[in-house]
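Contents: one structure, followed by commentary.
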Amino acid sequence: MAGSTFGNIFRVMTWGESHGRGIGVTIDGCPAGLALSEEDIQVYLDRRKPGQSRFTTARQEGDRIEILSGVFEGRTTGTPIAMAAFNEDQRSRDYSAIKDVYRPGHADYCYDAKYGFRDYRGGGRSSGRETLARVAAGAVAAKVLKEYGITVTAYTKSIGPIEIAAERFELAERDRNRLYMPDARAVEEAEIYLDGLMREQDSSGGVVECVVEGCPAGVGEPVFEKLDACLAKAIMSIGAVKGFEIGDGFAAAKSRGSQNNDAFRVNDAGNIYKETNHAGGVLGGMSDGSPIVLCAAFKPTPSIAQKQETANRAGENVDIEIYGRHDPVIVPRAVVVVEAMTALTVLDLLLLGRSARI
Amino acid sequence: MAGSTFGNIFRVMTWGESHGRGIGVTIDGCPAGLALSEEDIQVYLDRRKPGQSRFTTARQEGDRIEILSGVFEGRTTGTPIAMAAFNEDQRSRDYSAIKDVYRPGHADYCYDAKYGFRDYRGGGRSSGRETLARVAAGAVAAKVLKEYGITVTAYTKSIGPIEIAAERFELAERDRNRLYMPDARAVEEAEIYLDGLMREQDSSGGVVECVVEGCPAGVGEPVFEKLDACLAKAIMSIGAVKGFEIGDGFAAAKSRGSQNNDAFRVNDAGNIYKETNHAGGVLGGMSDGSPIVLCAAFKPTPSIAQKQETANRAGENVDIEIYGRHDPVIVPRAVVVVEAMTALTVLDLLLLGRSARI
Amino acid sequence: MAGSTFGNIFRVMTWGESHGRGIGVTIDGCPAGLALSEEDIQVYLDRRKPGQSRFTTARQEGDRIEILSGVFEGRTTGTPIAMAAFNEDQRSRDYSAIKDVYRPGHADYCYDAKYGFRDYRGGGRSSGRETLARVAAGAVAAKVLKEYGITVTAYTKSIGPIEIAAERFELAERDRNRLYMPDARAVEEAEIYLDGLMREQDSSGGVVECVVEGCPAGVGEPVFEKLDACLAKAIMSIGAVKGFEIGDGFAAAKSRGSQNNDAFRVNDAGNIYKETNHAGGVLGGMSDGSPIVLCAAFKPTPSIAQKQETANRAGENVDIEIYGRHDPVIVPRAVVVVEAMTALTVLDLLLLGRSARI
Amino acid sequence: MAGSTFGNIFRVMTWGESHGRGIGVTIDGCPAGLALSEEDIQVYLDRRKPGQSRFTTARQEGDRIEILSGVFEGRTTGTPIAMAAFNEDQRSRDYSAIKDVYRPGHADYCYDAKYGFRDYRGGGRSSGRETLARVAAGAVAAKVLKEYGITVTAYTKSIGPIEIAAERFELAERDRNRLYMPDARAVEEAEIYLDGLMREQDSSGGVVECVVEGCPAGVGEPVFEKLDACLAKAIMSIGAVKGFEIGDGFAAAKSRGSQNNDAFRVNDAGNIYKETNHAGGVLGGMSDGSPIVLCAAFKPTPSIAQKQETANRAGENVDIEIYGRHDPVIVPRAVVVVEAMTALTVLDLLLLGRSARI
């Protein structure tokens, strides 16, 4: 319960540091009978891999996933699925620049405050590399969801001030560019914006949007385990996320009831649906049958090459310059992480809901 | 685990429907030795009471809290603290208008989808009256936090388009008006705005901001139980909340690393602090010693008197008119609910953190 | 998480002290659609009522259960079911004899060690009266289990040295005597034994046996959430229980593999069954289709009228004499408590098992 | 939550099958600052290693533990400690004899009933090899406990009908023989008994006793998370355990209050202690300052070479002969497993208890 466990029924526990032996995750509670291979997971991991464009780091990461247990003759057995990606390259580096200095925007200071010391190699447990385990688990969750006709799709909605336009939205475009933006024109503008930031040794934030389709009404538990509350926690637990919205989000706070309410209607087949979806697919904390739509705001990459003021362990004011290659924006690589956390959450609540009725 | 349980160490379970026997909560895990009386809790409940202004409903609610266990000779014993507010008035009403019709913006349809039927009296379990239990538990949590020098303060930040201005911010003003806005001029404007909406039988959303002061660095657990992730879940679990921000929130997505990073500095006493607080007091999911600042976006009250289109249980398109008095904005009454959920979350993680070191 | 919460899916939280406002329990996670009335629960509570024979105390306890939430139009709604039995008689008594003295065999000393002080009125939270909440919740669990064809039946197996004989076992006899023994001759002997103990101001222990019938194979989770492990915790959590056995229990430790193994066989209908049941219906932590058979050993009532040596809060050696009427044996009243805890456990694992397969 | 997770604060998740890639465990919640090396764990694992005497199997198991995360510069960091023992030898064997046949006394049938199929290689997840992960985690827990002056010591109390005698008890003897019995004479008798069973292709059960010393009073939570209840679950979750006792256990059921009550006394230093320990160190579910004494009854090894009757997947009555070397008694190898589960339980409750008071 020190924080590396997620989920109730479909429960995962992750482990690993940036520059340690590897990164791993164990899933306790995956239903038996799912066809599952390492390749199913690898395709998700490849989407978060660095070095895919000039805006993501060129470091080589040993992201080859191995399934260590829980799959027999190609199917999940219902017992724990352990997975790990071992680090191939573990040679010792020089960490003297960050060993005793608190990088602004990073967790260094908080780790020391909490535990008395920290694994300073590449950020240790607080490194973005930790998300590898989330994506591996999320890939399994997404595959289970597909069995029930539920899909989870995320994309980059904005990078800094550059936002996709609804009228140019084309999902297929997302996979044609390495910013994962479903709008070719926004991609062009964002690339120019990022090139400028890189010249200035600066970085950008951005927004990821995620849509869940095919989810039946009634998923989520009233009061504290509301679907949107659980999604908020899942998404906000991704490092660098500073804001979360479901449906219209903060815009709803400026709206009126007469505009914000979605009318229920009956279609020709006699099924109830919502005519609009300001709610983002969640009412009273339960899915309402419409697509679930959420947004996550990511802060700019805190590691920038500019000289910054900060403090060190000894309690002295010092300057810091962070070397090495760092993504000027982490949003494109985070898209698949948002998908993963969303899939883990929806699946866990879907399974929990199996006990809702006699 | 059907959703009415919150917290790990300081764990609460709530119960009750809008028009049932009452609303209650049990706290399992309150540390022993806290001086506690019903009056400590009542002052919090009185802040969410309806009928305090012309913008909140005039219904009389029986919000007299009783402590049923766990307190002996004026102090908590460490065993469960059960509390309840029993409904004085339980006469039967006429619910035929909403019994079989799905109110837009409400959970009616989702409850039926999940459970097959629902307690339709006044919204049943999905009524805002459920927050009474949160506030009662939160009052206890807040009192424990005070023992450790931690305070939680929320206020109305905006109502519809009317927002408080930083330069006019005065906390004492919050308690002088029933909109709980710490800006006298914004109150005037918001009152005019709300009067207009009431004439149009419409409603408004708004934003609540909450600040935690005195929290030591290191509260929150890495990875999944991050302080901001847990706060997001707690706040998003309040009915009608559609968005959550920590620190700069969505604005951070448009910012640059050089602007968004908060420099660590050392003060004259040799203590480390952050010069700015874009992070909102949380780095890497742990408190960083700065005030924790969060925002919650509330949607407009869905119950409006205008005629609305919707569907009924029988699968027919129908019109609905919702009678009775409903708040044109729930934000002022939600302020204390945000405080309560924040206090419950911070305390739970504070206690959990007691096991962080040998 | 301070200990008064039980179960994962069908989760209960109990509260209340012996001489406080009352005793209660909330169930979060009861499936919707179960027909449920206060009478369904009362019949269970009446079985643990004191004052039914000369071997159980004559105190009048206000065990009238009230359902406070979660049931609408006679059926469970899926939301929390709160129940309470309020104490009618709360006049203040004289507790000076036990206020500062640690009764041997009781939890007084441990409560002071843990919490710094305790509610000493009638044992406070550690009183046997706490089991009322277990029985109320267990009655609901048993009713759900009945919907799935599963029954739970317990009885007194022995009182001190007097044990029921297999050849005289008659379940109907259990309800004809107040020792809840399904063997008329053993009842006679036990009554003589208990009369002797009462004359000597002494008390007796005993054993309760419980049988679950109709449970399908596969209930229970491998490794840590084994059915028998969960049952052991549930039963050992009842005050005064000092031992637990499943199937042959400790006798299996003296047995041989060739004797202890139960042969699987196929019956005429083509179904697999076990020819014998040394295992007590559990293999590898999962139900195996045979009846689940468990035993609980209860220690003698620690409250005896004899003068006893002990210590007090001030750290002095003192003598204590415990006045008031106390059962010379608690086993008969514990029978329904064992049933309740068994039902809660089996139901929780049955519901959890709904997620075992895709 | 499918059963491979244990503990609340010091939480472990285990994975792995008998003949898969390996066996592993992750600890989420180990306090930071503990000196920890692979050697600390290896000494525990070596105690459960097979092939140590003629009564334990000669199979070579690849029980070389590796720490994969959570330890930096020789100390625990507070983040997850992943450990694994990878199987060196994974060549394919012939499992046709057990693939479709349900071995008596094993979990084969239950796995099929629950999940629809199973990993039949060497018992898969239900193999005793799973306990390797428990012992690895338990070794860490035991090391944390030592920091607080708490030790956990188990030994073989009986094998079949051969029991150690109190007057010959010598703990040092335990480590001089491979039956882990602290009584040289009982060892001789047990060896003769086991030799006889081996000739008859049969097996024996036995009892393990475990003593916790140095535990302060007040560990354990009232009602459902009682120390003895949690220990019962932990111990009963070990495969083949059929009974559990705390203190006098089932003997208490035949005792009288005047005999069973332990008198509290005050020693010369002014400290309160219990003169006797019928309670086994637990009163009201909390440690009482006396040594905690528990017993676990193990059934005979179900794998015996004798021909046995059973059923197969196709629903036919068949005979089975189980080849390969199997321990005629698993008790000696289970001693360290009992220590491990006890250490995990006591530590988890000790840490949880840190929140008992303001």
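When the chains are written out, they are named A, B, C and D in that same order, and each has its own residue count from 1.
Everything that follows uses one rule, which is that a contact is a pair of C-beta atoms (placed from the backbone, for glycine too) under 8 Å apart; a residue touches a chain by one contact, two chains touch by 3 or more.
Being a predicted model, the structure only gives us computed values, none of them experimental.
Chemist: A-C versus A-B: which has more C-beta pairs touching?
Modeler: Most contacts of the two pairs: A-B.
Chemist: Name the chain whose C-alpha centroid is farthest from the C-alpha centroid of chain D.
Modeler: Centre of mass proxy via C-alpha means gives B as farthest from chain D.
Chemist: How many angstrom lie between the CA centroids of chain A and chain D, rounded to a whole number?
Modeler: About 39 Å separates the centre of chain A from that of chain D.
Chemist: Report the inter-chain centroid distance for chain A and chain B in whole angstrom, where each centroid is the mean of the CA atoms.
Modeler: 26
Chemist: Counting in whole Å, what is the centre-to-centre distance of chain A and chain C, each centre being its mean C-alpha position?
Modeler: Centres of chain A and chain C (C-alpha means) sit 46 Å apart.
Chemist: By residue number and range, which residues of chain C touch two or more other chains?
Modeler: If we look for residues of chain C contacting two or more partner chains, we find 1-5, 8-9, 14, 29, 32-33, 78-79, 114-116, 125, 222, 352, 355-357.
Chemist: Touching chain B in the complex: which residues of chain C?
Modeler: Interface residues on chain C, with respect to chain B: 1-5, 7-9, 11, 13-17, 20-22, 24, 26, 28-30, 32-33, 66, 68-70, 72-73, 75, 77-82, 84, 114-119, 121, 124-125.
Chemist: In the complex formed with chain D, which residues of chain C make contact?
Modeler: So the residues of chain C touching chain D come out as 1-6, 8, 14, 102, 104-107, 109-111, 113-116, 125-126, 130, 158, 160-161, 197, 200, 202-207, 216-226, 228-237, 239, 242-250, 252-266, 270-272, 275, 278-280, 283-289, 297-304, 306, 308-311, 315-317, 352-353, 355-357.
Chemist: Spell out the part of chain C that touches chain A in their complex, as residue ranges.
Modeler: Going through chain C, the ones touching chain A are 8-10, 29, 31-34, 78-79, 144, 147, 222, 351-352, 354-358.
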